[in-house]
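What follows is a pair of complexes built around subunit A, which joins subunit B in one and subunit C in the other.
Right, the complex of A and B next:
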């Protein structure tokens, strides 16, 4: 109870520090400008370009007008929205906590006048703000150059619903990466676990192929997981293939996942610190 | 390279392998974790294309059986990267941090000493998995498995390993010239996006570029094409000869680019 009170008392201070943390992360991210431009603007673009050609080859091969209700243009739209959304999703490089645990550098966070979770959410804010701008720039550039092929949100409401799901979903992704990073307290090296999650989540989210093209049983499983509601579902909302009832269900899945992951992250961090014996800076 | 230098580099590779085994004995969970990680990567690729082939019989002239051979070569070349070239993932970071000084003064080719230093035992397990999938793919795609087919397959595997080394060298080269750009990571993403699809989905000019100039498509399509009889014997010899020369040129360019490295940046 006293811990909860202490947390509540420190909350205003943590919130006050949050913008400073986000600004600091911004300076770090933009220190190498060429890398920043490449990662922010071009990340996630090559795959949809190639997949467009794969889908074209598929439609040419079958001569069919649609596959599982998707025309070729629908699939291109799906790829464009997926590319834009992918920019906003943290990846395994978003956190370097595991490396710092391994090197014994976590000590510094224990003496800072700010909770590590504030640093985490500060980085999340900076990342999300920058990547949202990058996604918007990507969408605007495409709309200008390829106007007739470029997808528009089916409605403002759908856009708001998709953005809500995306915001909660990216939080779930970050928390998952955080938990996996924390496992370095026990396992030392977790690089492969981070990558493993990335591969599995890419498939589950529909980033590699639309979930609608998958067998019904697989779809049923994926529809109760947060990766699906972070990528595939927002794209289908933007395309007008899902409605308000789906949005409400997705919101429930993501909110539940977020709360569960946040609790797990907190527990993993606290328990990990009890084991930690780093002597680094 | 003289015979003595070649033997010396083989000895160095042997020492790297010995150190790799000792290192991995200290991270046993990570060992299995990496094996499972790569299996997840294989599974996601197989799943994507099995899903696509559930709706069509043919993608850009490649049927399901032929496509498995193509994927098999992707896995085999990736496993080669895991076994020997894992350190190249960190090249951009070491370059930024200025950690490459010692490789300049060691007795051997800098690219070899740096790139091959992290031998991975788990990569060997993944190589076995990848080879099994490739053998399964070839068994399904080819009616009769003959000694000639086995020989061609072995040459094709060597080609996919060689091309992987060329490509890894290339994105290291990009990092050397665009310092601090993380460009290698983006090039890696682009390479992977192209490599696991047949280059035949592109138009003729792009396809030629991707097969023989920046040989991303050659990672999979050239070896798969050799095994599936898509190349005439002469065509295969010319393609392999060209890729051999391209590699030598790429390594020379990397060595030249490495002169730009200054540890003072670290």
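Right, the complex of A and C next:
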């Protein structure tokens, strides 16, 4: 109870710090121009390009006009939206916590009067702001070049709904990566786990193949997970394939996931710290 | 040494680490894969320590003696396995934000600042974290950078600075919020003599001007001799000595190692020269064909060296402080362990 009260009392301070942490992270992110361009601007672009070629080959070889209601153009539109959305989703490189735990660099944060979660959310804020701009630039550039062929959101409401799901979903992704990074307190195979999760999450989110093309049983499972509601569902909202009832259900799934992951992240961090020995014992 | 009121205190503090033990060779690895063996390592045992505000305490010991572990327990980074560590009168592992604003930690081998951006950018974030007002922040950065001679390096990416400059930046960052207690874990490791001296001078001045309590761990006796008033020697997780540095220096640290390299035509060392050593209280500790190493009290060092020139054809000569390991061995040998605790 006293811990909860202390957390609540420190909240204004932590919120005050957020923009400063975000600004600091911005300076770190832009320290190297090539790295910034590669990480921020080109993020999420190669996969849809490759998948477009894969779909093209599939349609050409089978001669089919559509697969489960998706024409080739529908699939390309789907990929364009997933590319824009993927830009906003943190990946395993977004956090270097596991590395800091292994090398003992996390020590410095433990003596500071700041919650590590503030640093985490500050980084998230900076990342999201930059990536939203990059995603908007990507979409605008496509619209300028390809005009009416380029996918448009079916409505402003759908855009707002998709953005809401995306905001909550990216938070879930960040917390999941945080939890996996925290396993470095116990394990030395964190990078393998992060890679595995990234691949599985790409499948679950529909980044590889739209979930609508998967068997019903698989769809049923994926529709109660946060990756689906972070990528696939917002794209289908933008394409007009999902409606307000789906949005409400997705919001509930994401909100529940967010709260559960936040709790798990907090517990993992606290327990991990009790095991932490740093380096140089 | 019982000092009250203490700014930090350890009462019967122990710390035990568990480490996996793996057998050698393929079979050992396979056995370890199936059945893990864990061995406990006692890093700290029954540590009693009290430090008063404004003290500069040197914490020394060989590798694995428990210096860094003790610092980590005192700063609340790791919990003690037994006993109690207190900082500002509170359990060190449950420090409040207000407590954390009163302390600072510099780890010589772990940078506190971000590698890819200039130190001044990291200082600005620290300013917000520690709630230092803008005018005070500017003044302190300027003053400290001038003292440490790095004013023109504040805007340079940290990775492009020399080791000494980076450490100076770490120290500026650590003292930015005017902490009451500063822990420095081997701050001069790998630095050149000039940088070491600058940092020692800085620490002494800050301690004198602001009564900042400094806990300094080092392998370098010069750090301790030139900076600290009090010395705590750790060996295998226990306090071997805790007391006044002046007394210790008189008894042990005041010894010097004199290494003499002889010309080819010089007389060699022989047993009948033993008497020449006794006059100065010197001891021959190493003998090679054309090189001799003696240990002698610092106060007899100069006449002893002059006498060596009378005895031998000296080609080269070096005088060094007694190494830390010798000092610890000497304290062990003489049985003069805990002066006070």
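Note that in this section the second predicted complex is superposed on the first by the 275 of 281 C-alpha atoms of A that agree within 3 Å, B and C clash if a C-alpha of one lies under 4 Å from a C-alpha of the other, contacts with A are read in each partner's own complex, and residues count from 1 in each chain.
In this text, a contact is a pair of C-beta atoms (placed from the backbone, for glycine too) under 8 Å apart; a residue touches a chain by one contact, two chains touch by 3 or more.
Bear in mind that the values here come from a model prediction, so they are computed numbers and not experimental data.
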item	value
First (subunit B), second (subunit C), both or neither touched by A:220	neither
Partner chain(s) touched by A:108 [first = subunit B, second = subunit C, both, neither]	second
Touching partner for A:20 - first (subunit B), second (subunit C), both, neither	second
Which of subunit B and subunit C A:46 touches, first, second, both or neither	first
Contacts of A:195 with subunit B and subunit C, given as first, second, both or neither	first
First (subunit B), second (subunit C), both or neither touched by A:276	second
Subunit B or subunit C, by number of subunit A residues touched	B
Partner chain in contact with A:244 - subunit B first, subunit C second, else both or neither	neither
Intersection of the subunit A residues that touch subunit B with those that touch subunit C	32
Subunit A to subunit C touching residues, read off their complex	6, 10, 13, 16-17, 20-21, 24, 27-28, 31-32, 103-105, 107-108, 110-114, 274, 276-281
Subunit B contact footprint on subunit A (complex, rising order)	32, 34-35, 38-39, 42-44, 46-47, 49-51, 53-54, 56-58, 61-62, 67-68, 187-193, 195-196, 199-200, 202-203, 208-209, 213-215
Contacting residues of subunit B [partner subunit A, same complex]	27, 29-30, 33-34, 36-37, 40-41, 44, 47-48, 51-52, 54-60, 96, 178, 180-183, 185-186, 189-190, 193-194, 197, 200-202
Residues on subunit C engaged by subunit A in the complex (per definition of touch)	17, 43, 68-69, 72, 75-79, 96-98, 100-101, 103-105, 107, 109-112, 114, 116-117, 121-122, 124-125, 128-130, 157, 185
